Amino acid sequence: MPLLAADNLSLERGGRQLFRDLSFKVFPGQLVQIEGANGAGKTSLIRILAGLSRYGYEGRVSRSGAMLYLGHHSAVKALLTPRENLAWHVSGEADFSDRDIEHALARVGLYGYEDVPSHALSAGQHRRVNLARLYLSQSPLWILDEPYTAIDVTGVGELETLFAQHARAGGAVLLTSHQAMAVDYPVSRLDLTAGIAS
Amino acid sequence: MPLLAADNLSLERGGRQLFRDLSFKVFPGQLVQIEGANGAGKTSLIRILAGLSRYGYEGRVSRSGAMLYLGHHSAVKALLTPRENLAWHVSGEADFSDRDIEHALARVGLYGYEDVPSHALSAGQHRRVNLARLYLSQSPLWILDEPYTAIDVTGVGELETLFAQHARAGGAVLLTSHQAMAVDYPVSRLDLTAGIAS
Amino acid sequence: MWSFFHKLGSPPWLYGIAGTILRYLLPVTLLALVAGMVWGVLFTAPDFRQGNSYRIIYIHVPAAVVALAGYYVMAIAGAVSLIWKMKMADIAMKSCAPIGAALTFVALVTGAIWGKPTWGTWWVWDARITSMLILLFLYLGVVALYEAYDNKEAAGKACAVLSLVGTVNIPIIYKSVDWWYSLHQPASIKFTGESSIDPSMLYPLLLMITAFYLLFTCALLMNMRAEILQRERRTKWVRKLVEESA
Amino acid sequence: MNAPSTPQFCLRLLRRQLVLAIRRPIEIGNPLLFFAMVVALFPLGLGPAPDKLADFAPGILWIIALLSNLLTSDSVFRSDYDDGSLEQLLLSPQPLYLSVLSYIGAHWLVTGLLLALVSPLFAVMLNLPAAGIAALFASLLLGTAVLSLVGGIGAALTVGLKRGGMLISLLILPLYMPVLIFGSAAVKAAVIGAPAAPYLAILGAMLSLAIALAPVAAAAGLRISVDA
Amino acid sequence: MNAPSTPQFCLRLLRRQLVLAIRRPIEIGNPLLFFAMVVALFPLGLGPAPDKLADFAPGILWIIALLSNLLTSDSVFRSDYDDGSLEQLLLSPQPLYLSVLSYIGAHWLVTGLLLALVSPLFAVMLNLPAAGIAALFASLLLGTAVLSLVGGIGAALTVGLKRGGMLISLLILPLYMPVLIFGSAAVKAAVIGAPAAPYLAILGAMLSLAIALAPVAAAAGLRISVDA
Amino acid sequence: MYFDSLQAVLYMDGHGPYVWAAYIITVAVILLILWAPVGRKTRFIQQLQGELRRAAGAPNNKGDSNASGS
């Protein structure tokens, strides 16, 4: 059974047809990268798939099982510390134990920054707080919009390894990125640049 | 004469010494990439060099000639169109003619989007509005904090060509980026990862 | 003369000299406070019109006088900090605000308590009282602004700007409130005529005013010392001092 | 690791919102200071005559409570929208009705409740007769809760607009008016010695209605707003 | 391409700010609607006895003008800070004093001026005697300009704060008070047939002082608060 | 001494509660004014001592960057 199925999606925005009759399925074990130039419609597509956009498009989306979505915005509250940001996360996904949180923060290179207010973090560290949720997640389907933004080279490498691991363990990752993925796991590509993709 | 000279800069933030006794000069024709992991202090350094941070560091910065600074934030007003954003830019640098503006917008791939409100642009298109200022600029020194954020592959390539051109014409570019530069022009590197750099 | 100013700008010197001054001044201050209070509460005759409630004067008036004076100290320090970029002035200004706010609070509370037996009400919108309330807001504004900034050096500058703006406004506020009151309302309630104050009441009052000035000075120096340590935490002399005190 | 129970989740949200409020000390103290300062504005604008002021005190205090609620309502969901947390909340498997109620509850705790607690002080400053103070306290306690709930609807509807800031006041001020009318009527009744209970009962009824319906409306508003 | 002359640059800024305000129609209409609604609140809260209202109309109208200014002051530099435009302004070679003055001027045009223009309408709604209307208009015209200037200082000092909350109201309300006193006094004087000119003259003097000093303070505040 | 008994001191012809309340509040505030900087200084010294000890105990440890929010 697919974790995600898009059925005949069409979207027009600002007078431009971004995609038409787009159908695809994402199965466990798949790593899918959505590609396309700036303005191709990657974010628009992802928000439809995640269920955040509910109006103005045609077609159907069906998902089975839990999903973790990380968007353009980091969902990190500047006034809370990284630890609090994870412990009190509003997604209501799961109760993380303090040990798990520390472990996840260490994995994203924030060891020692657990209790610094997040507004005193650098741009990349700020985004890493949110990425730590990937290490805590139990959801099989991950939908990520430009997860590499502001992340340094080492960080990108670690994330790619994590994605491959997640796919191997029966999960699936659907992500957008302008960087080519350099990971030893087959990556499916979904190209939106053509305007009408498949 | 150097366009920018940093003299014995030291900065401590959040209890960590980010850099100590950092001295360097940027001459016309130079392309300098500041490197370092997330949280190394690139943004902090750049804000000091641009004259935005005025407290809490030691050392001296001197600049000669005009400077163009583009920071983490895009300085694009969502309610204005790209055309208006450039025409009424608050930097007060120069009066751009409408033809120049259209030309610059076309160069960053926004042909046809001149009169769309900027909040209806994609993330990358939004940043491109600001990058169009590079094509309009008369300033010899460019200081850019992660100019490639959200920009697609073609866009990055075009920017690199522009930087090389600017340096060849006697300008200088100082930028931070996590991506290695792939341009046929000598790039000086300033590595902050060591904590104490030179 | 110049070397004195130069020294004033030097944190370790100021820290040391403030400590020395405090060693002598603090006992004197406490003594004066206790003596003045005991004298005022126990050893003076009651006022013939207000009875014993007038004994509040010995804390009310000094608190009000020093609270007002404190604002000018703060503003001058702020001006020095902005114009001559003197770090220590910044610290002095920052340290004035909470003390001034506390004293203003004392003046307001004691005044309100005094008002109940004399005027029959806790509060009236008298010119002086209203402007005292506004003064409290001005002080609290400085405290809150300082706390809200993370970069304390920037916080000092921001507060200096604010206190200078306030200085321009204090006379305007005071005059306008004064004038507002006289315009609308024939004063139904007046402060006691101060001209007829008896020497037996005046002397303890003067003592208490002096004591409150001393209190302000001591608290200011203590606050400045704490602040100096915090701002200079990276320097060798502070580390040495801290290690020694272990 | 398993999904938290709904009550647990709501408590967590409440705690989060309260901590966020406390991290900005001024945010907590401010409704009070605002109250104090606007109380001072009225004598300055209207004239200090104590008897006149006493006449108007119930209305003035209620108007200020309402304004200070109005000023802060916009912020209930604003920062969560700006930083992307709101999207996460909408995707969460927890019932949105209760999440929204937690947000609004936290807002009420740091504005309405605090305001009610200090209102006696300001009542004295405006020479409100002592008889009215209990009624003022009770009416503020109930009434500000209604205000927060109604304000939550406005906040939810406008949070996705590029700049909703003041639009919210337009949307919700008309809904505030019944609260103002009954709230100040309760105090006035108590001042002249009439029973305030009927008015308080009406406020209580409004509160029940608002608790039942406002979070539903606010939740729907949020879903629409993220799509704006 | 050469650098624009300073007056040109200021006009450009003013135009930009005005266009931004007009793009959010609600921003323009809102102070007025706010005014209208709060004018409606007062009779509700205070009781509708017309003579009482007329007595208090000058003060009430002025208090509302002040509050609506307070509500909008925070936004003068806010969005420019959030999107990075403010950094660009600070780096610009143009004199910051004049740039700041343009921002504040635009703010006044869309709040104070508009408010003054519609104030006669609301004065009539609150039964203000006709004699006071001219004075109300004139005093609002001058007074709201002072309010905008002073509000600009508060906005500049707090724009960079993560934990500022509504700090701005604490900073500027005390400074607003003299304006309130003289503004409402001018109207009251006109109502009872006394000359309003002296009060207006004082407001004018305050305005001159504020024009000279407030942009300096605001400019200093901006430079400091981008570093908060 | 103006008063003849402790009773009289406390009662002050009915004004006692006002006078004593005013004085008690004032003394409390004065103590607070004087105690606040002392407390601040002690807390700071303890904190810095801890920091120095940690730095001495764990040389070039990347984890010592545990910034305080102050």
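Chains here go by letter, A, B, C, D, E and F, matching the order in which they are written, and residues are numbered from 1 within each.
Just so we're on the same page, contacts are C-beta pairs under 8 Å (C-beta built on N, C-alpha and C of every residue); 3 or more make two chains touch, one makes a residue touch a chain.
For reference, the UniProt names are A, B = Cytochrome c biogenesis heme-transporting ATPase CcmA; C = Heme exporter protein C; D, E = Heme exporter protein B; F = Heme exporter protein D.
Everything numeric here is computed off the predicted structure, so don't read it as measured data.
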Task: Between C-D and C-F, the pair joined by more C-beta contacts - done: C-F
Task: Longest centre-to-centre distance from chain A, chain (CA-based) - done: C
TODO: Please decide if copies chain A and chain B contact each other with the same set of residue positions, more than half shared, or with different positions, and reply same or different.
DONE: same
TODO: Average the CA atoms of each chain to get its centre, and name the chain whose centre is farthest from that of chain D.
DONE: B
Open item on the list: Report the inter-centroid distance (CA atoms only) between chain B and chain C in whole Å.
Closed with: 48
Open item on the list: I'd like to verify one number: the distance from the centre of chain B to the centre of chain E, where each centre is the average of its C-alpha atoms, in whole angstrom.
Closed with: 37
Open item on the list: Using Cα averages as centroids, what's the distance between chain A and chain E in whole Å?
Closed with: 45
TODO: Please work out the Cα centroid separation of chain A and chain B, and write it as a whole number of Å.
DONE: 28
Task: Of all residues in chain C, the ones touching two or more other chains - done: 134, 137, 140, 144, 147-148, 150-151, 154, 157, 177, 180
Task: Touching two or more other chains - residue numbers and ranges from chain D - done: 23-26, 33, 37, 40, 44, 47, 162-163
Task: Multi-chain contact sites of chain B, meaning residues that touch two or more partners - done: 13-14, 55-56, 72, 78-79
- [ ] Would you mind writing out the residues of chain C in touch with chain F in their complex?
- [x] 33, 37, 41-46, 51-53, 55-56, 59-60, 63, 98-99, 102-103, 105-106, 109-110, 113-114, 116-117, 150, 215, 218-219, 222-223, 225-226, 229-230, 233, 238-239, 242-243, 245-246
Task: Of chain D, residues touching chain A in the complex - done: 1-4, 8-9, 12-13, 15-16, 19-20, 23-24, 79-80, 82-94, 99, 223, 226-227
Task: Partner chain E, residues of chain D touching it in the complex - done: 23-27, 30, 33-34, 37-38, 40-42, 44-47, 55-56, 58-60, 62-63, 66-67, 71-72, 162-167, 169-170, 173-174, 177, 180-181, 184, 188
Task: List of chain C residues in touch with chain D within their complex - done: 121-126, 130, 133-134, 137, 140, 144, 147-148, 177, 180-181, 184-185
Task: chain C-facing residues of chain F, complex - done: 1-3, 9, 12-16, 18-19, 21-23, 25-27, 29-30, 32-34, 36-38, 40-41, 44-45, 48-49, 52, 69-70
